[in-house]
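Here come two complexes built around chain A, the first alongside chain B, the second alongside chain C.
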Partner chain A sequence: MSGQLTLPEKPKSKFSLYKRIVIFIIIALIYIWTFTSLEIRWDTIFSESTLDNMDRIIPKFFQPAVEETGNILEMMFETLFIAYTGSLAAAIIAVPLAFLCASNMVSNKFLNNIGMWILGGVRAFPEIVLAIIFVAAVGPNPFAGVLAIAIGSTGMLGKLYSEVIESIDMNIIEALEASGANKLQILFYGIFPQVLPEFLSYAIYRFEIDVRASSVLGIVGAGGIGTLITFAYMNRNWEEVGMILLVIIITVTIIDQISGFIRKRLV
Partner chain B sequence: MIEFNDVSLVYPNGTEGLKNIDLKINEGEFVVIVGLSGAGKSTFIRSINRLVTPTSGSLLVEDEDILKANGTDLRRLRTKIGMIFQSYNLVKRSTVLKNVISGRLGYTGTLTSILNIFSKEDKLLAYENLKRVNIEEKLYNRADELSGGQQQRVSIARVLTQKPKLILADEPVASLDPPTSHQVMKYLKQINREDKITTIVNLHFIDMAMEYADRIIGMRAGEVVFDGPVSDVTEQTFEEIYGRSIRDEDRRGGVEDE
Partner chain C sequence: MSKESSFVPKGLYPFKTKLIITLALIVVIGFYLLSSIKTESFIFHFFVKLPNVFGLISDFFPPDWSYINQVWPKLFETLHIAIIATTIAVIISIPFSLLTASNVTTNTWIYQAMRLFLNIIRTIPDIILAVVFVGLFGIGAFSGIIALIIFAVGILVKLMSEVIETIDMNQIEAIRASGGNGLQTISFAIVPQVLPQFISFSLYVFEINIRASLVLGLVGAGGIGQLLNTQINFMNYPAVSTIIIIVFAVVIVIDIISGKLREGLV
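Moving on, here comes the complex of A and B:
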């Protein structure tokens, strides 16, 4: 029996073939266009001076300035503090915005959209741009970094939170409503137990991202290890840059591991 | 006592959920509402605690028209009405105790309940009610560690903790297997007998309706097509309510499996 069984032929459509060709041509054109308009000077890239620089600089990365460790670690901790404070603030600010956006909590479409616009608008700014704005506003110190991280993270956390809220089991809300509980009691007994573990998980994930983001904020003067990178780079002190990179890589890896472990236990 | 006076409900899309319902349910009765899905059983039961709002008529619960109640009044009336659902509706990540004690929320101040402060009596009441449905050993387990039948028993304990005058059960056994279904129905019947709590249950299994009900109300297309004591009910009555002959799927069976 099974020997005679043949799969019915897959319906072919000429349209899909044309579509594929057209898409391929469009992508190829965009590719060619970007490369030609960038004016990459291949001759300088593959010149002797590049090889010289490589030969001179790259090895220095691998002879990190160990004697600077204390100073670098201090700045690394400042970076972590900036990330932590910023993420924590964002994790809290994002909650009311997320409820505003969640269509099962606020049934007014207009208010939902306002919430979405706020979060979308905030997400449109890269942290570094926010940092420049806040350095201008509050001066070149770690507080500017904290603000940049807090505002930048709110956009993403608010969006993710609101998706979590929209996915909760509304029957539980109905059950509490039926027992005569008021809105605040429903929030604390029906909604928070369903969403808080996920909120926390996303907040920790965002902290991971913020540690990376706050490492470069110092470049524009917003505190943290980025300040050291700028100084070392301007002085062509490649050994120190190497050491800074090493510290960042190790710290970020450790944080990733810890956060992954906690997040796995949470949900 | 519950009194429906010419209650009708038209959904915004034009569907008539209830058509001119006129009936009384007396204190302490065990009423089973039967009908095919879509007959309006759920709408009927959900009108009583205003999870849906009928569009006309009056519906007296404990001599108060629940259709006119709003805000605080509605919440106060709802504390007297316990409800059990097909999908148990427990907070899965919370402990059994926390789920059961949430039955007291309607009696507890907002601030104290948010801070999770419940009186000793309330905690003991929750424990006592868990004992009544024989699941007290799961007190500190998370609700999602329990089987379906156990979760439904916890939801019965939650309703009891509410100290209701009336229990509504919307298809309480539809997600359970036959032996567990009978167990849940037996607890409901027992509570109805011992505490004199009026109980209204939606079922679509005719054998279970016959076994547990004092009175059967049959619904079809939003109308009450039969209303009488269980002694008046025969297989033919069900055929009239359902508008078709009785099939195997209309019976839960399984009582002898226990």
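Moving on, here comes the complex of A and C:
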């Protein structure tokens, strides 16, 4: 009891001083490289013309072109159809790939890795790059968009599905095997009941993402509301861009709410 | 007894469940037929168009490696856009996420208003943000940076505010009870609890930003997308495949680095 109060020592970081200095230098170098080599023409950005643009463009967003609503809604429905067809196809294609990746279903490590590489490779492509490839392949129509969405979604869904499959209760399968069920019966009575709710939940979640993704695919010619964006933007028709934006915001919000509700009921 | 031993249950599921599942399946398939006819993407279209796809793939090969020297500067510009946008977005999203966390912001009005605002921001696709800013600021990297900042803030604030909402409030109470002031409460009770996740989410958003900034150039917002757009318009497919292969490699390398860093953090 010295009567003198001292502060406790600060908790020690898990990194040593040496490591910290190295990390700090690496980060500093990245930033120096970034700021020295990026060319931004400040003189044109902070100029009269930018202020003019703001005066001209921003008010137009708040007086959207209501008379175009019919046309825009039609394209929005096409967008929804593209997203729906694409994500349904992906939800089905992803199932066999997920089984291939799941280490408790296919015990061959080599095959697991091949599955992982396929899914990882597909995930690395942004949807719009896939759309560019498919527009070149099948022409500028909604079908290209469907293919881009289907392939793009398979990567993510396959990975999520395989994680679901790996976390199932194997005792049930053992019990079925012990009572003499064949492979098909194990699949239908042992595996599917355990994984289907989560599969569906993920598929619906992916549909939400796909609605957003497919609304911009039209910029590269793959159908949907993006086509209208390109035209409106090229013609500097900002009232129409405002209206399209409004329709997208409302549609995406509604879809998110519905899908959130269904997913809550499922799991 | 013999009758009971040969008893086979009619099915595992009750009649009502079966009815609901059947109805749901009919709706799903019906909507699929409708949408596949509307988008001309019925399964058999796929087989009709398949030769085209393979024909095109042979156009893409072999990639034009001499084009690679023109790719590097634009690729670096893309990386710079992503780095700057992520950094600024992280800084902006810290106060915003405190305002959107219900346990820090006890005023319901501010909390609900912030949530609504961010929900609206998140529904706008990144490319449309880029279109708008290219209209405002002209073609170039600056428009891309601004678009990505807004896009990233929308995602980051949602993730971060959820983390802040789940922290252990007892630690805050303990520090307050032992006489810590506001700043000490934040630095000893809140920051240690949320910092690993904050950094992890920042890296995750950086990954997303890299992907987004690769395509922003399609609408003139700087980066490699601009090259991609030009070469596609010229139908110079070997150059396109060079760009795509490089994009693919960069995304994978950055995902792996950031994945390893995040594994070490959380």
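By our rule, the second predicted complex is superposed on the first by the 247 of 267 C-alpha atoms of A that agree within 3 Å, B and C clash if a C-alpha of one lies under 4 Å from a C-alpha of the other, contacts with A are read in each partner's own complex, and residues count from 1 in each chain.
Convention: a contact is a pair of C-beta atoms (placed from the backbone, for glycine too) under 8 Å apart; a residue touches a chain by one contact, two chains touch by 3 or more.
Because the structure is a prediction, the values reported are computed rather than measured.
In the superposed model, A:82 lies in contact with chain C only, and not with chain B. In the superposed model, A:111 lies in contact with neither chain B nor chain C.
In the superposed model, A:189 lies in contact with both chain B and chain C.
Once chain A of one complex is fitted onto chain A of the other, the partner contacts of A:209 are absent, as it touches neither chain B nor chain C.
In the superposition on chain A, A:174 makes contact with chain B only, while chain C stays out of contact range.
For chain A, the partner with contacts to more residues, out of chain B and chain C, is C.
Of the two partner chains, neither chain B nor chain C is touched by A:92.
Residues 189, 193 of chain A lie at the contact with chain B in one complex and at the contact with chain C in the other. On chain C, the positions that touch chain A within their shared complex are 12, 28, 31-32, 34-36, 38-41, 45-46, 49, 52-53, 55-57, 76-77, 79-81, 83-84, 87, 119-120, 123-128, 131-132, 135-138, 140-142, 192, 211-212, 214-215, 218-219, 228, 232, 237, 240, 244, 247-248, 251-252, 255. Remark: chain A residues 11, 30-31, 34-35, 37-41, 44-45, 49-50, 53-54, 57-58, 77-78, 80-82, 84-85, 88, 120-121, 124-126, 128-129, 132-134, 136-138, 141-143, 145-147, 189, 193, 212-213, 215-216, 219-220, 223, 226, 229, 233, 236, 238, 241, 245, 248-249, 252-253, 256 touch chain C in the complex.
Residues 169, 171-172, 174-182, 184-185, 188-190, 193-194, 197 of chain A touch chain B in their complex. On chain B, the positions that touch chain A within their shared complex are 49, 51, 75-79, 81-83, 85, 87, 89-94, 98, 102-103, 105-108, 110, 113-114, 155, 158-159, 162.
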